[in-house]
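One chain, chain A, links the two complexes that follow: it is found with chain B in the first and with chain C in the second.
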Partner chain A sequence: MSNQVKKVPTQHIVGFVLSLVLTALAVWTALGSDLSTAWIITIIMLLAVIQAGIQLVMFMHIVEPESQNGHVPWNMIFHGFVTAAIVVVGSLFVMVYGF
Partner chain B sequence: MQSNVKHTPLEYQTEHNQMSILGFWIFLAAEVVLFSTLFATYAVLFGRTANAPLPSELFGIEIVLIMTVLLLTSSFTCGIAIHQMRHGSNSGLITWLIITLVLGLGFLGFEIYEFIHYSHEGATLSSSAFWSSFYVLAGTHGLHVTLGIGWAILLIIQLYKKGITAVTSRKVFIISLYWHFLDVIWIFIFTSVYLIGMVI
Partner chain C sequence: MSLDEFFVTGEPLIYAGMVAIVLVTSAIIFLLTYFKKWGWLWREWLTTVDHKKIGIMYILSALAMLFRGGADALMMRVQLAFPDLNFLNTQHYNEIFTTHGTVMIIFMAMPFLIGLMNIVVPLQIGARDFAFPYVNALSFWSFFFGALLFNISFVIGGSPDAGWTSYTPLAGAAMSPGPGQNFYLLGLQLSGIGTLATGINLMVTILKMRAPGMKLFQMPIFTWSTLVTSFIIIFAFPILTVALALMTIDRIFGSQFFTLTGEGLPMMWANLFWMWGHPEVYIVILPAFGIFSEVIATFAKKQLFGYKAMVWSMILIAALSFLVWVHHFFTMGAGAFVNSVFSVSTMLIAVPTGVKIFNWLGTLYKSKIQFTTPMLWALAFIPSFVIGGVTGVMLGMAAADYQFHNSYFLVAHFHYVLIAGTVFACFAGLEYWYPKMFNHKLNEKFGKLSFWLFVIGFHVTFFPQYFLGLDGMPRRIFDIGPEWFTLNFISTIGAFGMGLGFAVFVFNIYYSYRTSQRETTGDSWDGRTLEWATPTPVPHYNFATQPTIRGLDAFVEMKKHNESTFDESKLEPIHMPNNTGQPFIMMALLFMSSFALVFEWMTLAILFLVGVIVMMVVRSFDEDEGHHVEVEEIKTTERQLRGL
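Up next, the complex of A and B:
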């Protein structure tokens, strides 16, 4: 782990390439594969979550020793995502599946 | 982890700046919840198109894929802009920010073209519950992008006049967080609206 500011932004290039690969993979899974609809939805949602993680880590400096990990309020971010998940899953559970 | 203090990036060097960045993360957490309500509305109303066309009849992969690549690339160039800022290169920072803006404008152009195309096919904001939720979800994201472009133009003017200081570097860092966040939201719109809309 070096604390020097690098000349070449390796992390950004890796993040960008990974994002493009994951997008291509999601498109192929949705439109090119022979999987069942349920599997397609599971896989592409998982790919989206991974890609969101890449944005946070590679681009948004969420893990960065130089700035004490960006002073990111992890508890706030965590609560934001949990609330979001409850709103979406809960709405579907009640409204679509009729519980 | 040795001698971290020496290498602390400029935007984190004052306590006021650290608090501003922390505050912006809290704002982003609230934005996640805001968008989750729109995603939930969309998911619940999925398929309730009344007599309007179905999403699978209108959604095409070409334009949406171009939009996704434009926004992904703009997120990358925005990251490069921050990289330039941390090297102290104001001209590099401004150049990469302008590239980011051009890509963002391209994304917006395609989105407007797409909305016009859908409404010509009979799917407008008022044609059904499903299409209302679609336009509100995608439109709220588009509005955020528009706002980000205006914000970045003002910042570029400041950078041009004042150069990289503790204050301007904090402002640029915060807009970079905002811009990457918009990309995160778009990944979920691309996956759960367009890809799933084409599959089901």
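Up next, the complex of A and C:
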């Protein structure tokens, strides 16, 4: 039996706290701040990108050479982007066209 | 809130339901106590992480849901048998068609297939469990409690009544006040967690845990269909999650995403719903294709004809399934150009589907067919599904769909694909893999009887509905005009035939348990794939030694070379996960939190949610490393099972 050294999952805890903080920040920007709509949208978009980055690095092992064959899962990331594009562009196409 | 607002009152049928629930629950509690089985239930089932047991629990729950959805269906058919019948009133009818649709798709079809995947996929690829056994248990309990939440709505609080599609603005807070619609939203959300997690789990399992040597294009076709399905799940389910969350926020916290007021966009719900909904119908048909392919290859005693074409057509179907959603609301008014684009993409999907039909026919061609019950389901599937597919293409022509849309023609279409596809496949798969699960076959005589009752009943029920649709009968009406009487009456008779078929099927489970011969080898049907290389009952570690795979139909090769999955010279201790009660407790807490949210009891909901988070923390610092099955134990188990 491989007796691994028990270690606290530091990375996960940091990631978890960071994502909570970012979420709270986004909520405050949208509901609590007096910024103009354009700024609110810019800021929460920015926060979303940072949030996604944290998920990928802290939880999804995107840069972890020691994981098996150590490559970035571009394939899945690509499909994720394609799906997102279908949802956004597709909805615009269907809901806006002709109105 | 007074008690008569909490419980549904005033409906004799629902009172009967309550009595039945109380009786059955007391009977179960009594039996468990009387036979001192509580400990057994907890140790062997509620805390298990074994994919085979989890699969069995999925299938049992799905059968219960099939019964519930079937009872809904029979009530609807009774109401529609005669004009002006007052068996169900409008409100009750609305509730029943809503719960029927939701239960059948979300809580019957998907869990049934996921149950079969649970049992079969690790065995087919030579793995000892899922990649994440703990998550697998979590998924099951999330589905189970989601289904429970949705199902109690009919006695507590009142059922949702806006259709399984829950179109806004009807489903919004303004037009559907009260807890009913919340049950739909939170029940689906809760079970959706499990579906998504299972999708990821299956994908990782298939990609990472195959037996040494098994290349992707040497995987059994059911495993391939599972891989493609998990792909669709991973990309489609987040859309549903978001849509459900938005509507929940609308209803409970007063936002305006899908409302008529406050710049809401009710049509956006239909758009998002079908962006998930169309891929969803392929989530429940691709595994069915996989099951039929396995069954046909086994009982035609041939390698599957055009294996590669089969795989590529599934991949193509999966890709296209994300590009056709608008065909569900051609009449919404998006315009001719938009409709034309989606008309074309819809018809394109019929091409890879056609390829698969020809491959099955190619496998059957000039083969020596063995007419077992699973094979009969597969043979009945081919022509029935073609009818469903062809009428689907008719619906896909936008201009014609203005006539067909929301008529019984549509109802007939989707029942032809869903029943002849998915439900036949569930029966076929269960009968085919039954000896692997329970160590004996189902009785062939009763199996065939239930097959004929069900299949004939099915066609008698749904074939007339195409013509009812062409005669202008709309879907979701609770009262038929006299001009639609004859065909509706025939349809109701057929429905009872199907009910009888199901009853015989369930009886057969009991009958076979009492009388069927126990299996002596693990290879019940002279199988071709790896699941048949294990002894039955399958030891909890599945494979004493993993075989090395050299080609397609791995077990055929192994039999030729006289190899087995018990090579004494290669035995090593096997690392297995420990049982745990955490998934059950975590999901039970989430269930209670959701239940409180249904009634908008915020404090209580938050309280239980904190409990869930505590369970997550407990899990995060969990240092359970599992245990090892020692070589001696493997030796004794295998020798005994194999009669060596």
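Here is the rule we use: the second predicted complex is superposed on the first by the 63 of 99 C-alpha atoms of A that agree within 3 Å, B and C clash if a C-alpha of one lies under 4 Å from a C-alpha of the other, contacts with A are read in each partner's own complex, and residues count from 1 in each chain.
What we mean here is this: a residue touches a chain if its C-beta (ideal position, glycine included) is under 8 Å from a C-beta of that chain, and two chains touch if they have at least 3 such contacts.
None of these values were measured; they are calculated from a predicted model.
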Could you look at A:Leu20 and tell me whether it touches chain B, chain C, both or neither (first, second, both, neither)? first
If we overlay the two complexes on their shared chain A, which of chain B and chain C does A:Pro73 touch? Say first, second, both or neither. first
Determine, under the contact definition given at the top, whether A:Thr37 touches first (chain B), second (chain C), both, or neither. first
After lining up the shared chain so the two structures overlap, which partner does A:Phe93 touch, if you call chain B first and chain C second: first, second, both or neither? second
With both structures placed on chain A, which of the two partners, chain B or chain C, ends up touching more residues of chain A? B
Looking at A:Phe59 after the superposition, I want to know if it touches chain B, chain C, both of them or none. Which is it: first, second, both, neither? first
With the two complexes superposed on chain A, say which partner A:Pro9 touches: chain B (first), chain C (second), both, or neither. both
Go through the superposed model and pick first if A:Leu47 touches only chain B, second if only chain C, both, or neither. first
Looking at A:Phe81 after the superposition, I want to know if it touches chain B, chain C, both of them or none. Which is it: first, second, both, neither? first
Once the complexes are superposed, what residues of chain A are shared between the chain B interface and the chain C interface? 1, 4, 9, 12-13, 68, 79-80, 83, 87, 90-91, 95
Chain C-touching residues of chain A, taken from the complex the two chains share: 1, 4, 6, 8-9, 12-13, 68, 79-80, 83, 86-87, 90-91, 93-95, 97-98
Touching residues (chain side chain B, partner chain A) in the complex: 1-4, 6-9, 11-12, 18, 21-22, 25-26, 28-30, 32-33, 35-37, 39-41, 43-44, 61, 65, 68-69, 72-73, 75-76, 78-80, 82-83, 86-87, 176-177, 180-181, 183-184, 187-188, 190-192, 195-196, 198-200
Quick check on the complex: what are the chain A residues that touch chain B? 1, 3-5, 9, 12-13, 15-16, 19-20, 23, 26-27, 30-31, 37, 40-41, 44-45, 47-48, 51-52, 55-56, 58-61, 65-68, 70-73, 76-77, 79-81, 83-85, 87-88, 90-92, 95-96
Which part of chain C faces chain A closely enough to touch in the complex? 208, 231, 235, 239, 265, 267-268, 271-272, 275, 322-323, 325-326, 333-335, 337-338, 575, 620-621, 623, 625, 628
